[in-house]
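What follows is a single structure, written as structure tokens, with notes after it.
Going by the order they are written in, the chains are A, B, C and D; count residues from 1 in each one.
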């Protein structure tokens, strides 16, 4: 029988925003973690979370969270684990400061994603990249920064990873139909979203060009050797609350049949210890056969919003195959992904002194 | 001073449907044409148009139209000009029958689009293809069938034509974000459209693969020599009332700069007699500079819904360039396009005995 | 320790439709019931449920349900408990036939709601009305029909019941903003719902005029003495997937303060045995303080969609008070409500020979 | 033959906002007026209108307007006619300052609507109230302020005025389903509008309680004697771009039949000189018979968005009648209404030295 387990206290950075609220909601009842501290911008410091956060989740604000007092993001005594939902405009120096103060920071922001010593993690794909963080001791001492990819990059990488492992992926053409929640709060004005498509998402295309190569890359010595693939991306915003839909064409390193692609997706699994994490979906990539699958309203919440769905596989007259993939942008693509990464970090022993409940 | 002009009486076939209603609305006050007869399916025959049509246009149902009695689509005495808004499931034989009865039929349906002796017309692009119809005398005697492309094909072809003329277009990758009105009445259920993307539009991809090559082709002898281009298309439906948005990447026959592409679009004009038609937009393709252009709600109605807009021009890492194009699917892409084609047919003398008002 | 429990096998009537699918989803993992049979219209009979139902729920179709073969609604050997999601156009005789064959039928249809011997049940409000069904032995022998109110009537009655108990409700003015799911499948066309309000819901106003008086009425002898209240209702359809929002003004039998109204709502509880049912919400009516509460997207799913929320309480210049109430129309207002009623019927012994698991 | 006409130069105050842009669009090609100056907040002063305004209209930004340089709202030399689209938070003192500088200011803001010496004008209803402005000479010398009601008040007043004239209106219960454009720019976040109803519009209910009584009141001596009517209002925001839908119940001073109500609406006309104004609709109130009328998408643009539509007339069990009315909130309810009022002011000679073109 395992010894009594004390949940690890965690802090959420940027707790009042959209992704921050998702994290607070997901931490409620989490088997390993306990929300202990909430941090936000100076204007919020000193207020009760329950009074300051305009709660926009569909589950009630947990009483314990509501009673927490908002702290500055620049505390000197961070807890061992900090989940950061800060915007990329401010996250960089704040996260670095907390890492120097000894925290393990798991970040949704873009600020450190492409740093040479920072892993860009999708645990099922590249859990082993977490070892890259060891070299951060030069910058941060005992602290670490781990990052979560952009919400579109995660979905794309999850759909590509099984193909890349099996056949190699060399060329990717992707058009995104992104959800409104990705723009944060207040985000897109309703008058710009209703009966409309916004044909551009600022900064998003660059992320799609750069992040998948690092995610799908190989850990070699003290660095990541990026995957050799060329990506063309056009990003649009559509009138969908949650769930990014991506229309993808791929050129593979070696030919493969439709059945082989499906088998690659369906059989894709992360490392065994990742599959056992509390937030891990039982099957990371689901192939759906229906004429109208995948679609955001019906499929974004499968496996608690942590599974990526794929459908519409057909030959592409220009490359090898084309398909449509869907992922929940604020769960798998942000808060849920960060939580999964935090769980992996704990499971791999990056939080000294804390043993997860399954240890015995 | 020109002689008194008597408007040409026309019939609308499939007058109660979505495109049929658009045609009825556009004919109200048309300088050349007068709605004289309305035809619909057997269940409607004998009823007043004003009572049978569930009018869903934003302009009032014209009184003259409301007072017309619906006739069968299979009349033996069609008027000289028939505009067909029939669905592709039934249009084929009905349109052929009316052509054999001597009518000039301008059709929105897919049935005859790829027939060897039927021109697939976008007047600004390929007005000269209308001469192909001469060989229909073998099938139809004095009658003719002219066709309007699929709503997505029109927008794509309008955006490609200027590039094809100037540089050659060899490869095209397109993802469509199509409007709900394209599905007709009743079309997509609201519960399937709200907060959602439907990742597939039945039959649409095939049309995008085949129609542009014919539209952009060359009239040679008694046939069309199709343009040599390979197209990959993924079609989706989004929560937009009118206006198809297309994300396009192109591989050109010869390199061209962004400035050259813009100049090609901006300078594109149809033949002089097309530009003078009542429904022709002053500038067929508009390039819009804005960060968020083109978008359906703001730009679909430019030039009465007959102009196609282009924006977001950027280098494509896989082909030469990518851009976004938008066109109004029930105006330029259906009713307005058919009307423009009918005007061209009249201007080019395909309706014997009728002189358009500008003749003198 | 309680004896081993065998779940009660139940049939869902009209299993392929929108409410039928909700029932199938809710029965998956239900602690007392097990989906044993699915019944649908003649065109579906003999087909596998998994192949025939176009599954539109956000949870996966359970494998057990998918493997069931659809039966006729007119079987001679119904199981002891039948949950009916048939439309009101066909439900009446089918449900009566099944009751005559000995089944306890819990129905969402309007057909029998106002029958003198049929209770119209919202368990927390009028659980005792179930006794009215005893007199059905004249019509149905051992079979019974219990009915669920219209989806708008349930929400209105839940908001009124606490006020009616405490102060008497004499006059009610209600405007509904109803969700699209209430129109079933295919329901409202997307083009009619997008960027629009439909100012009329056929048949809905009559139900709102008649049903609440029966729901809030008193069981007296062998009949229900209806509550004496006058209702004016205007029903509209808005672009919302689930969740009916009602703007209500009430004239009370005796004056009451805002604090007293809130206390009435907050303190409202059903009978003790109702509160213990598996589908019962812990607090049937929640008063929400926020400026923008209640609203469908954030609050329809509270307590699994079984709680009704109220907010915006303010004095009404014409009657006493006005407020806004929200309820989930396909959970509390249909499938969830029917399940709760079925649970009540079992708890009260209407299904002979079946003991619920909490009995010991 | 009339003498050559020089259009009256006008300024638009708050020209970059939503209503300001509508005014700029409506002034393009206006037969009497010419947009001569544009004024906005200090941050915009000195910039070109075409560069500063984020143009969100569906017609192109007129070249003449684009070339204007934005001026301060606090100029000392305003033109004779100023159309104000300023927000109510800042409009009050700025408009008063311009009036003192001699301008005739027609305002959409709430700031001066209830001032004793300021008419609250809906020209068809109370054109004669314009005479009230004479007493402003005490405050403003030769300048004047005329006001336009709140967007919901206008629609409600237009629907009530014919009934009030014919039968007296004593009690009104109204629930509004308001469009998103009424919230300005950026207005409501898309995530709050999609698949949702917002059950409260700040400040709106008070306006509906107070403005109609003044609009429907009588000019007596140097003041308005308000109509004696009691209004209960609940205001909601729905996912509609333009067009406020109001569900109304009325208690009349004397009983009237449905036919009489329809006749009152249909026969309602403003004073003869109002009906001749360029922006006046031929019939101010249209009664629509359809089951689903009026509805925003189909009917908001009738008569250029200047007509108010009514439908769904039915007996109200609590008051006399109930009905649904719809009006375009940024045309009739804001920019178009202001323009009509400005036209009336010119026609009635409030702009000295300017003769309208129809004078001869």
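What we mean here is this: a contact is a pair of C-beta atoms (placed from the backbone, for glycine too) under 8 Å apart; a residue touches a chain by one contact, two chains touch by 3 or more.
Bear in mind that the values here come from a model prediction, so they are computed numbers and not experimental data.
Following the contact convention of this document, A, C is the list of chains adjacent to both chain B and chain D. In this assembly, D is the chain whose CA centroid lies farthest from the centroid of chain A. Taking the mean of the C-alpha atoms as each chain's centre, chain A and chain C sit 39 Å apart.
Averaged C-alpha coordinates give centres for chain B and chain C that are 49 Å from one another.
Distance between chain C and chain D, defined via averaged C-alpha coordinates, is recorded as 44 Å. Residues of chain D in contact with two or more other chains: 56, 192, 194-195, 239-241, 297-298. Of all the residues in chain D, the ones that touch chain C in their complex are 171, 173, 175, 177, 192, 194-200, 202, 205, 209, 230-232, 234, 236, 238-241, 245, 247, 249, 291-298, 311-312, 314, 316-319, 322, 324, 326.
Residue ranges of chain B in contact with chain D, taken from their complex: 56-60, 194-195, 241, 297-299, 301-302. On the chain A side of its complex with chain D, the touching residues are 56, 180-181, 183, 185-195, 239-241.
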